[in-house]
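Dropping a structure here in C-alpha cells format, bear with me for questions.
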Amino acid sequence: MTLKAAILGASGYTGAELVRILATHPRIEIAALSADRKAGQGYAEVFPHLRHLKLPALVRMEEIDFSAIDLVFCALPHGLSQPLVGQLPESVKIVDLGADFRLRDPAEYLKWYGLDHAAPEIQPQAVYGLTEFYRDQIRGARLVAGTGCNAATVQFALRPLIGSGLIDLDDIICDLKNGVSGAGRSLKENMLFAERSEDVAGYSQGGKHRHLGEFDQEFSLLAGRPVQIQFTPHLVPVNRGILASCYLKGEAQAVHAALTAAYADEPFVVVLPFGQLPAMAHVQGSNFCHIGVTGDRISGRTLVVSTLDNLCKGSSGQAVQNANLMLGLPETEGLMLAPIFP
Amino acid sequence: MTLKAAILGASGYTGAELVRILATHPRIEIAALSADRKAGQGYAEVFPHLRHLKLPALVRMEEIDFSAIDLVFCALPHGLSQPLVGQLPESVKIVDLGADFRLRDPAEYLKWYGLDHAAPEIQPQAVYGLTEFYRDQIRGARLVAGTGCNAATVQFALRPLIGSGLIDLDDIICDLKNGVSGAGRSLKENMLFAERSEDVAGYSQGGKHRHLGEFDQEFSLLAGRPVQIQFTPHLVPVNRGILASCYLKGEAQAVHAALTAAYADEPFVVVLPFGQLPAMAHVQGSNFCHIGVTGDRISGRTLVVSTLDNLCKGSSGQAVQNANLMLGLPETEGLMLAPIFP
Amino acid sequence: MTLKAAILGASGYTGAELVRILATHPRIEIAALSADRKAGQGYAEVFPHLRHLKLPALVRMEEIDFSAIDLVFCALPHGLSQPLVGQLPESVKIVDLGADFRLRDPAEYLKWYGLDHAAPEIQPQAVYGLTEFYRDQIRGARLVAGTGCNAATVQFALRPLIGSGLIDLDDIICDLKNGVSGAGRSLKENMLFAERSEDVAGYSQGGKHRHLGEFDQEFSLLAGRPVQIQFTPHLVPVNRGILASCYLKGEAQAVHAALTAAYADEPFVVVLPFGQLPAMAHVQGSNFCHIGVTGDRISGRTLVVSTLDNLCKGSSGQAVQNANLMLGLPETEGLMLAPIFP
Amino acid sequence: MTLKAAILGASGYTGAELVRILATHPRIEIAALSADRKAGQGYAEVFPHLRHLKLPALVRMEEIDFSAIDLVFCALPHGLSQPLVGQLPESVKIVDLGADFRLRDPAEYLKWYGLDHAAPEIQPQAVYGLTEFYRDQIRGARLVAGTGCNAATVQFALRPLIGSGLIDLDDIICDLKNGVSGAGRSLKENMLFAERSEDVAGYSQGGKHRHLGEFDQEFSLLAGRPVQIQFTPHLVPVNRGILASCYLKGEAQAVHAALTAAYADEPFVVVLPFGQLPAMAHVQGSNFCHIGVTGDRISGRTLVVSTLDNLCKGSSGQAVQNANLMLGLPETEGLMLAPIFP
C-alpha cells in the first residue's frame, strides 16, 4: 500500500529535493504540494527538471485535505511551522525541515531566531531528527524536527566523541566549506552567480550562526555539561555539499577507532581508512556522509573531516529517512541512490 | 531472477555511470569489472563515490569467466571492442559504448577513426543503439552499438524531421555546447580545471568531428539520399550535459508538431511547449532528453534545441535502456532516476 | 594634466569595470561617482575589490558639480540617460554605456525598448560607439552611445563582410555563448549561482533580443538595404565573456582574408591564423577581441567565431577607448591591460 | 632606461603571470623566455591570451645570452635552480619563484623536498622573498627566494603576531582554501575539470605539506624558539586565490590592532575593519592581500583570515615586487593593477 505525503513549501530547493527522492520511492506517493506565492502553477513550471513526473499542481496550504494525508513534510520558512502543527489532524505525522522545533528550549529559539516560540506546548513532542542517534524515538514520533545541514555534518563528525573522553571538549574548532544551495532560492545579491563564482569567503563569523543553538543543545546534553564549539562556515562555489574540517585535541587513532565503531552498522555513514580525507564530490546527490580522520606531526592533534550533501543527507534525504521510520518502512527505502560523479 | 553483467573498461566515467545506474537497478547485478591498468584495485579506490556498494574488484579482462555473464557492457577505448566480440561466448549479449560498431560501412570506420575495422564479419550483426528508433531490432540483437553522445543529442532533435519534408536537408547547422566529462578521464592539458573553468571554445571545427560519421549514415539512410549537416561542438565549463542548438530552414510550428507527435509516447524524450527552450541543468543525472522548438522573426526559420546528459542518456543510460530490451526487461527498469537540480 | 571623469550609475558591474580600468589610466581621474540607492556609501563598501583606491564616495547625481567634470560615463539603467544629457553643461563630454542613444531612429528605440525616446532632439548628435568603425566621428563627438556587448561581439565578426559581397546577407546565423555578468548585479532568480552553475540554456530566442535593433541598423546601413540576422544567445556558467559563432554562406578563405585585412592595424582586434578558433578565456579582463575563421567539409560554408570580454571590450573598455578619442588622448591609453589567465 | 629580464620556465602559469604583469610594467622589458620542452614555439602558441604582445620565442636556457640580461626570473621545477645560479654571470640578479633557496638549512631542504641541496655554498646569499618583511635585505640582494604561495598567505596573517605575545604560539591552526592554479599546468588526474568542479577536499593533511618548512623556519626565527603550526590546505573549484582561516588563542581586538599597525603603511596589504572577513574574489588578478580579524562568542578566541592571489601576490607579483627593489625601481612599479571582479 502506498502512503500519501504532502510537501508544504514545495517551491524551494529542499522541496524539489524531496520530490526528486520520492520520485523513485516505492512506498510514498506525493499527494499534495503547496507554495503560497506560486499556488496555481504546475510543478514543472517551478522545477522543469521534474517535468517527467505526474505531480499535483501547487496549491495554497489551506486547500489541502489533510485527512487524506499520512505524512507532511514542512519545508517552510522559519516561524511558519510552529503555528501550523497544532492545526493538522492528529493522524498526520510531520517531518519539519526547518528550525521551528529543533531547539528544545523556547528561550534558545528566541535567542537564535529572534522569534517567540509560537507553540511551546507542542515542542516537547518534537524529536530531534538526526536519525542515527534518535532512531527509536523517531519511530514513535508524530513530529520530527529535521536538523540544520551544518548541524548534521558536524554532529556526524563529533557526537561519538563527545562523551568518549577522547577529546578536549573545550577546544573544538570546526571550519566549514558550504555549497550555495544551502542559502535557498531566495534573492540575495551575494548569491548571484557572478558574486559566488571564483570566490570563497567566510560568513556568520564569530559565533553568530544559528546552527550553534543545535550544537550547544546536543553536545551539552551528551557531555552532561555545557559545551561550546567554535564554528565558521565559508561559502564555496559548489551547488551542493558541506565539508566540515574539525580540529580536535586528542589522539587521532583513538578518535578514528571510536568513529569507526560508532558507524560500523550504519548504512549511510562511512568512515574512511585512517589518514584518508573525504571529498565533497563523492556524496553529492546521495544520502551518504563520508568521514575521514588524520593526525598531525604535532602530537595530540586530530583532524576529523565530514562531508554530506546539504540538500539530501543534510535536509531532504534525512527527512525521508525519518519518514520511513515514522511510517514503519525500512529506513533505507528509496534512499540508496548512488552519488553522482562527476 | 537477477541477470549478471560485466563492465569492461570500468575505470572511466561511463563505467562509473553504469555502476551508478545499476546500483539501484532491480534486475541487473554487476558480476565483474575490468580495467587493465587498474586491475587489482578495489572499485572504491578508483571511484570513492561508489564505496557504499559491494562490488567485485577490478580485474583484467582475461580473468573474467564470461560463461557466468548474461550481458557485457564494453566501455573500452576505440578499437578494442572489435577484436573482443568474436571471443565472447555466443550466449553473452553485448552493449558496446564505444565507436567500434556504430558505422555500418567499415570504410567509414577507417575514414573517421583512422583504423581498419578488425571485425567486419561481425559488423552486420550490430544494431545501432538509438533505442527510440531501433527498439525492435535491439530487442533481438546480440550486439548493440551505443551511439556517440553528440550523435544522440542531435538525432533526437532531427530524426523525426529528416523524412518529413518539413525542413531543408541541405541546410542544417548544429551548434553544440558540451560538458567536459565527454572527454573522459584521460589526461589532457586542455581538460585541466584551470584551462576549462571560465572558458568556452569550439573544437573539432570545420567538419572534422568523428560523430559526423554517424550523422551521415543515419540521416542519409532516413532521407534515402546523402545528407550532410554542419556541426560545431563547443566546450563549456559544466561537468555533464550537451545542449544542441539546431538551426533549420522550415516552419517552426510544423516542426514542433512533428516532434511532439514523434515523442508522444516516449518515456524519456520530452518536447516542451512551443517557444520554450530546454536547459542543460534540467536533465543532469537522468536518462531524459528535453527538446524545445521556436521560430524566428525571420519567417521560415526554426530553432530546435535538444539537451541530455552525455554520460547518462548519451551513453551509459542509453546502454542500460538497450540492455533492458535485450534481456527482456521493461525498457525503463532502473532508469527513472530524476534529474538532480541544483 | 589630468582630465576629470564622473561615473553615473557606478554601483553596477560596468561601473566597477570603469573604475578598474581607470585605476591605472595615466590621464583620467575619477572625480565623482553616483549611485542613487547607494548614495552615501563608500565605494569600497559596494565593491571591496577596489578598496585600495582613493575614490570619492557615492553621491546622488544631483550632488555632482558637473562644471568641474570633463567627461561623464553614464552607466545608468535604460531610459535614464536620455533626459539627463540635455541637463549637462555643454562643456561635458558624454559616453553612454546604455542603450538610450544607440538607435538612430526613435521609433526603433520604442520598438525594442518599449519606451518613447525622451530626447529625440539630441539623438542626431550621438555617435555609435563601435570605435574601430566610427573613430573619426567619435573624435569630434560630444555624445557617444556605447554599443551592446552582444552587438559589439557580432559586429567585429561581420562588419567587414557585410559590404564585401563575400557572404549571403540573407542567411546569417549567430549563436552566442554569454557569461552571466552581462545580466548585471540586479536580483533575478535565474541569475543565482545554484541556477546558473552547471547549466547552459538559450534565452531571448526567436528574434526578441534587443540588440537586434543595433544589428538591423548597422548592417542595413552598411549593406544599403535591409539586413536581418538570426541571433540566439545562451547563458554559460562563466563570469565574463561572449563567444559568438557566426554561421555564414561564403568562402572561408576569402572571409578570413577580408577580416585579416580589415583588422591588420587595429590594436585590439586580432584575427587568428586560418582554421584556429578563439577561446573566451584568452580575452577576459582585457580590451581585446579575438576572431577565428574556419571552413567546413561542406563547401561554401564559413564559421566566424568572435570573442571578447562583455564588461571590458563589450562595454567599459570600449567606453574608455572612446573617451580617449574624445579627450584627444592616445586611443589605447590605459587599455593595454593583458588578459588574465587562468 | 629599460631593464632586461629573462624568464626561465616560462611555459607554466607563474611564467605567464610574470609576462602578464610585465606587459604593462614601464621599466622592465622581457628579453628572453625559456622552456625546454616547448623551445622553438612562439609564446602565443603556449599562452594565446598574450598574443597581443611582441615577445621573444621560447628557447632552451642554454641559448640565452645572459650577459645582456639584468634580471632572471626562475620559474623552474624544484631542484633546477640550485645548479643554475652558480652558472649565471655575477652581474645578473635572480628572483627564484621555486623552493630551491627558501630554506636556509640544507637539511631542511632535504627533509621537505627529498633532494640534497645542490648549491649549499650559495644558499647563504639568498634572501627570503616576503617583501614586506625583508625589504632592506632584498634591496641589496643578488638572489631572492620567492616564498611558497601558502607560506605567503599565512605569514601575512601571523608574522606581526608571532613575537607580540598576543597569541599562544603552541596552538595555531590554519585551514586553507586553495584555488587550483597553484598545482600548475602539469597533468594530474585530480586536476581535471570534471574532478575538481563541484568538489572541495583536503590534501597534504597531517603536517606533510612542504610549505611547513617555511613556516617552521620563519616563525621559529621570529619567536626565538621552535614554533610549529597545524596547517591543512583544501582544494576549492576556483582558478586563483588562497584564503587562509587562522584559528588563534588570543584577544581579537588586540590582534586586530597589531595587524592594523603592522600594515598601516603597506601598499599591498590591507587590514579590514574589525569583524569583517575578506573574500577571495576581491584580490584576484592583483598583488593585494586582504586580512580580516574577528573574535568569537568564546572569549580568548581569534580568527584571522588572509587572502591573496596565489599566482600574483603569492608568486609572480611578489617576484616583480622584489625585482623592483633589487633593480632600484619604485616597489609598486607595474603592480598597481586592480583586482578583476566579477
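Note that the chains take the letters A, B, C and D in the order they are written out, and that residue 1 is the start of every chain.
Here is the rule we go by: a residue touches a chain if its C-beta (ideal position, glycine included) is under 8 Å from a C-beta of that chain, and two chains touch if they have at least 3 such contacts.
Just so it is clear, the structure is predicted and the values come from calculations on it, not from any experiment.
**Q** Both chain C and chain D are touched by which chains?
**A** A, B
**Q** Tally the contacting C-beta pairs at the B-D interface and at the A-B interface, and name the larger one.
**A** By number of C-beta pairs in contact, A-B is the larger.
**Q** What's the farthest chain from chain A if centres are computed as the mean of the Cα atoms?
**A** Max centre-to-centre separation from chain A belongs to C.
**Q** Measuring centre to centre with CA averages, how many angstrom lie between chain B and chain C?
**A** 40
**Q** Based only on mean CA positions, could you tell me how far chain B sits from chain D in angstrom?
**A** Comparing mean C-alpha positions, chain D is 45 Å from chain B.
**Q** Averaging only over C-alpha atoms, locate the centres of chain A and chain B and give their separation in whole Å.
**A** 36
**Q** Would you pick out the residues of chain C that each touch at least 2 other chains?
**A** 13, 181, 194-195, 197-198, 237, 239-240, 278-279, 281, 284, 342
**Q** What part of chain B is in contact with chain C in the complex they form?
**A** 171, 173, 175, 177, 194-195, 197-203, 205-208, 212, 228, 230, 232, 234, 236-241, 243, 245, 247, 275, 277-281, 284, 292, 294-298, 301, 303, 305, 307, 342
**Q** Within the complex, which stretch of chain D touches chain C?
**A** Contacts found on chain D: 13, 16, 19-20, 23-24, 47-53, 181, 198, 239-240, 267-268, 270, 278-279, 281-286, 288, 290, 336-342.
**Q** With touch defined as at the start, can you tell me which chain A residues reach chain C in the complex?
**A** 13, 180-181, 185, 187-189, 191-198, 237, 239
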